[in-house]
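Dropping the structures in below, format is structure tokens.
Note that chain A is present in both complexes that follow, paired respectively with chain B and with chain C.
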Partner chain A sequence: MHKPDSHSVNLAAAFGFVLLAGVLVVLPHLLSFSQQEVLVLLVINVLLVCSYRLLTLTGEWSLAHAVIMGVGAYTSALVAKKLSVPVPLAMLAGASMAGFLAFLLSFPLFRMKGFYFLIASFAAGEVIRLSWKWSDLTFLFGGPKGIKRIPSFPDFLSIDFYEPVNYYYLCLIVVTISLLILYRVEKSRIGLTFHAIHWQDKLAESVGVNTFRYRTLAFVFSAFFAGLAGALYAHYVGAIAPNRFSVEEMVYILIWAIVGGTATFYGPIIGVVVLTIVNEIVLRSLGVEEMRPMFYGALLIIAILFLPDGLESLVPKIKRLFGKRDKESNGSLASPQIAE
Partner chain B sequence: MTAELFFQTVVNATYAASYMALIAVGFVLIFGVMGVVNFAHGELYMAGAYTVVALYADQGFPFFLSVAAGLAFVGVLGLLMELALFRPLRDNPLGGLIASIGFLLILQTIAVLGFGVRMKNVPPSTQDKLVFMDGVVLTYQRLYVIVAAVALLSALWIFLRKSKFGWALRACAQDREAAVLQGMSINNTARLAMFIGAALAGVAGALTAPLVSPTPYMGHPVVVSAFIIIIVGGLGSLEGAVLVSILYAFVHTFVTTLYDGTLANIVGLLLMLGVLIVRPTGLFGAKERA
Partner chain C sequence: MTSKFTISRRDFLATTAAVTAMAGVSMPKFAFGADKVVKIGFLAPLTGEVSAWGKPGLDGCKIWADWVNADGGVKIGDEAYKVEFVAYDDEYDPSKARTGAVKLIKEDDVKFVMMLGGDPWPGAAPIADKEEMLFSTLLPSDLSPETELLVAPCEVHPIYNVTGVEWLAENKPELKTAVVCAQDDSLGKPSVATYLAAFEAAGIEVLDEPIFFDPATTDFAPLMSKMLALKPDIICLDTCYADYVHPLVEQAFQQGFKGQMISCTADFYEKLVEKTSKEFMEGFIFQFPDFDDPAMNAEHVNFNKPNDFYNEYVKRYGKGEWSAVSWEYASIMDLWADAAGRAGTTEPVKVLEAMKVGGTGRQAFGEAKWWGKELFGIDNALVGEWPVVAIKDGKAKIQDFKSIPAWWDKHSDLMIKHMKALNQMYYQRG
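Moving on to the complex of A and B:
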């Protein structure tokens, strides 16, 4: 999309976006109440997994992202509940706190790379999560039971955000704006530098790129939006506990990103949407909810063995199929999204 | 802290060190030879414990026969992982790690479906115990774990030093390409390492089953401890893993006894972070992996 080949492609893209927007607006009214609730969580998870991808652009796979989301949730919940700050401001505070914590964590963590970064990020996340659980801090974080009765989003122009449909629209707006920002960052010079650090960090350093600073920048950005996702979650569900942000939850973020693919902006979105739909339709209709981890585990293994580039790698293939039929486009639609 | 409590804590820490060493050494062996971080190692331990639940607690087989079955079963699980996951992903260390996460979820679900999410109580196989200093107690059940750890790890050490297979394993751990060029079968060494590594975790789970009340999620804290031990002890160093198992078990047990378990976990993780900050590639890790 950053290199339009012809007018027809631009038109097609614009038409696609209008269609998508229409579907997203109408969708909740076609669903049952419980499906609407799932839809809200799905939109929040889209933001979560897209924010995670920004970090993976620099080549690092953190295992602290679920905890970072929790930092946003806990901060926002506490600020709103104990300090009586209005919820929208509390959400910003939560996101900022998550970003600030990532900034602090980057000093020890970005001394490491690859496997060591993975393990250290896991340890740092666990330390934060265990402090929520720790009995000496129960007065603040509520211990293993967490925080209950978190204030919900206030009514605005007599719109009741307690209703899943209304909260869905709110999340849709917040997430769309966040995704636009994430997209702009990725396509900017900063985003290109992230790519450069991933593929050639020594070369990037040799031409004067401060790789440490850019890794930190990606980490802070990604944490800010993960924190925002956490805040959206906390004020919707109304109760949070340390186990909600455990390594098991982190595994789901990994699975969405890996099954979807992380080479393109839309890859993680495909991952989280497809897996959530399959999970809701297939597993729930079969009544085998307790098989969910096995289902996700098997999908993860199948993806890593047979589709290592994720579901997104199917998109150019599908486009090429259509391209052959449509002579005018000359298969130009099949041009790769990102040169790697 | 009274002298009695002190010595009781020492006894408890010795027991903890024994089963942690069994798990950590298997973890290091797999990492050393295969180059994969086996996230499912804690679930292999869990599988060993559930073998004892199924055979000894539910079916009434003799305890030690069930432990032997646990060792064999989990060893075979290790072979299966090598064949189905780690061999196709040999050139992709991060892929191996991620595949092991998928396998972990599958094993957990099987345990939930087969035995339920609730804790399983396994009756002790013996009520005998050693008592010394008028009150410091070491049950036979715990003594078995200590004896098994010393015996199995000594046997492994001798095997690695003296046998041809042992040499091959260590050669592969040091430099895989060179070992292949010397005509060693990388598939055979990988199989062997996976079998031994998994079986050690399985036997630890089987022996501790009457002591810990198995749950499908018991693997998580275990794999966290294993991470701490191998990072602090140095990746690929079996001796380091044993030494740090002892050190970590003592620190953890004493902090748990004096304060609480959550703080003990935090202390362990901070210990590991501290080591990583001082040596960003791990204590003895010279080269970058994954």
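Moving on to the complex of A and C:
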């Protein structure tokens, strides 16, 4: 059997990345104004769902991730608005606060596993979310109406980040760096330990792995990037409210992850990209505004029925399909030579 | 190296289908015909839990447009324009509202955008400022000194709620105590402040603190038990969404409440009558009439052919679909069309100037004045008379039209006191 040499594989991968980078740079200029707006939010959601996947590597599915995103958004908005801290620093403060809160939450939450962790994370998230609405704290969090007129990302070298294309490039850089970090973490020894805890936590403990510490680490990492996504969102839209980070939003994160698949790094990305395009571009363009939930729901059911391993399971099938075609085309080219 | 390019029939069909789909998505829609058209944006929740205050409004606008277009359109300057509504579902979310505002203004070239308002407005606000577009809201609590291009020309929520309480105090003086509940959000809070002010002005004691429940609540039995334990004469459901009003009323019925109920809305009340009884719903007070009510033909009412509008609405969408907002966006369109006609242009700033000439305007229920500086920091709410509606023998009936400015002149201090206490004054919000 012919095995491709590593040089040609690396070359193909490099070509693929250059092509992808080219597409991502050119993409906003091919879209309409409103599609550019959707693109910005899509890139932010890519970071959100990838950060969520890091937590799922340890086998735990949280229902607090939308709220954790909100912690980043609220902190960044407050630090920038009330303390007049520059927005880029405020964003880092938001992400750090989300990570710190996850660290604190890990003590009660990781006393539980599986279903109990799921429910407890939901309860913890709701406590945080409801505190934003609490009347006595309205002076700080703005109550149910939330915070508006959040400072936007400052102009840099006369680049106006209010413009969606410019903000898209900013998000693209931040998200690309974040994804590279998340990818490196997953492929490192720490990432392998996350996998080990997922599949054989007792065995991992028996060889000296502190599972609590590694679960906490995954939760904190995951929360940091979710908080960063929240900060990017807050300074773009300019307004946040508690309902924006409700369980309904959490359901979207779960749907993106489940439909995309969580077995690979790119699974959730495929999920969020495909479902966002379907929901925000295709269904809206068809003028079925009032029936979008019905179509969206139907698509989800179809995806789950026919692709139980997520959209990511299509990738190897497509690869095999192309591999088969390559073989066939090589064969048809080769046959005259054999005849010779 | 040689290569061979072949394409199968299946590949060809798949590629063609994909290209066609992409073209449909990305290409603008072409309109045929020579009629001049003015486009109006409709940016409101059409799906989700708040859609009951968006979708019926769009349905009403379709009737409005059909009627106006059948009459030759809106006359602006020397030309008649057909009106076309372009809708975008903001899902009651500020980021979707931002995207929708961009699409409506920059791609669909609308000349005016109508919103429900509330949580989505801050997302659209920077776009309104930047593009100098005139927006309308049904929620004057969106107004602030910064929102110069935002008007509340129809509904003056929650201020009109004072009229229901005032009417109760005049007509049922034996009612002395009340309890109040509301969902804990941007609609519930200012509305509770208004009811508290109205009850205080009417000499009705509010038992205990208002109960704020989370919007995610689905089980209303404990909440109603808590309210009934206080033995109130009046249960006030504030400005709860239809999804809350219905289970709350059902719970009050099942738990044997015999007193008075009052609410900002009673959308789809026929279903409430079915779920409870005519006897239970008798005298239920709210603020939104059916437009087949004979009282809507009073001389001071400005809405065009209200009875016919209601009948057409029921014919098209069904009797149970009429709601508080079915007529409101259409009423705003009356005001806009009149102002655009007088301004002779669809240019937003000019239309706004024409709307506010003389400081008064023709609101649906009568002549009204542009008002709101003390409460909202800007006089962009059109305030006048508002109806008080009660359910009688299973049907909504207007009991009276009462003046909001007259109440304000007597009790403004109470309103400001309660708004401040709940952090709802324009300078306290976010």
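The rule we apply is simple: the second predicted complex is superposed on the first by the 304 of 340 C-alpha atoms of A that agree within 3 Å, B and C clash if a C-alpha of one lies under 4 Å from a C-alpha of the other, contacts with A are read in each partner's own complex, and residues count from 1 in each chain.
We take it that a contact is a pair of C-beta atoms (placed from the backbone, for glycine too) under 8 Å apart; a residue touches a chain by one contact, two chains touch by 3 or more.
These figures come from a predicted structure and were not determined experimentally.
Undergrad: In the overlay, answer first, second, both or neither for which of chain B and chain C A:113 touches.
TA: A:113: touches chain B, not chain C.
Undergrad: If you stack the two complexes on chain A, which partner ends up touching A:127: first (chain B), second (chain C), both, or neither?
TA: After superposition on chain A, A:127 lies in contact with chain B alone.
Undergrad: Who does A:173 touch here: chain B (first), chain C (second), both, or neither?
TA: Once the two structures are laid over each other on A, A:173 reaches no partner at all.
Undergrad: Please indicate which partner A:25 is in contact with in the superposed arrangement: first for chain B, second for chain C, both, or neither.
TA: In the superposition, A:25 touches no partner, neither chain B nor chain C.
Undergrad: Identify the partner contact of A:12: answer first if only chain B is touched, second if only chain C is, both if each is, neither if none is.
TA: It touches nothing on chain B or chain C.
Undergrad: After lining up the shared chain so the two structures overlap, which partner does A:239 touch, if you call chain B first and chain C second: first, second, both or neither?
TA: In the superposition, A:239 contacts chain C only.
Undergrad: For A:33 in the superposed arrangement: first (chain B), second (chain C), both or neither?
TA: After superposition on chain A, A:33 lies in contact with chain C alone.
Undergrad: Quick check for you: in the superposed arrangement, does A:282 touch first (chain B), second (chain C), both or neither?
TA: After superposing on A, A:282 lies in contact with chain C but is clear of chain B.
Undergrad: Return first, second, both or neither, reflecting whether A:41 touches chain B, chain C, both chains, or no partner chain.
TA: second
Undergrad: So chain A touches chain B in one structure and chain C in the other; where do those two contact lists coincide?
TA: Residues 130, 133, 135, 247, 290, 292-293 of chain A touch both chain B and chain C.
Undergrad: For a test of understanding, state which residues of chain A touch chain B in their complex under the given definition.
TA: 61, 108, 111-116, 118-120, 122-124, 126-127, 130-131, 133-136, 247, 251, 254-255, 258, 290-294, 296-301, 304-305, 308
Undergrad: Could you please specify the touching residues of chain C with respect to chain A in the complex?
TA: For chain C paired with chain A, touching residues are 2, 4, 21, 24-26, 46-47, 51, 55, 87-89, 92-95, 98-100, 102-103, 106-107, 119, 122-123, 125-126, 130, 146, 184-186, 188-189, 212, 214-216, 422-423, 428-430.
Undergrad: Going by the contact rule set out above, which residues of chain B touch chain A in the complex?
TA: 37, 85, 88-89, 92-95, 97-99, 101-106, 108-110, 112-113, 220, 224, 227-228, 231, 260, 262-263, 265-266, 269-270, 272-273, 276-277, 280-282, 285, 288-290
Undergrad: What does chain A use to touch chain C in their complex?
TA: Residues 31-35, 37-38, 41, 130, 133, 135, 138-139, 142-149, 162, 164, 233, 236-241, 243-244, 246-247, 280-282, 284-286, 289-290, 292-293, 329, 332-333.
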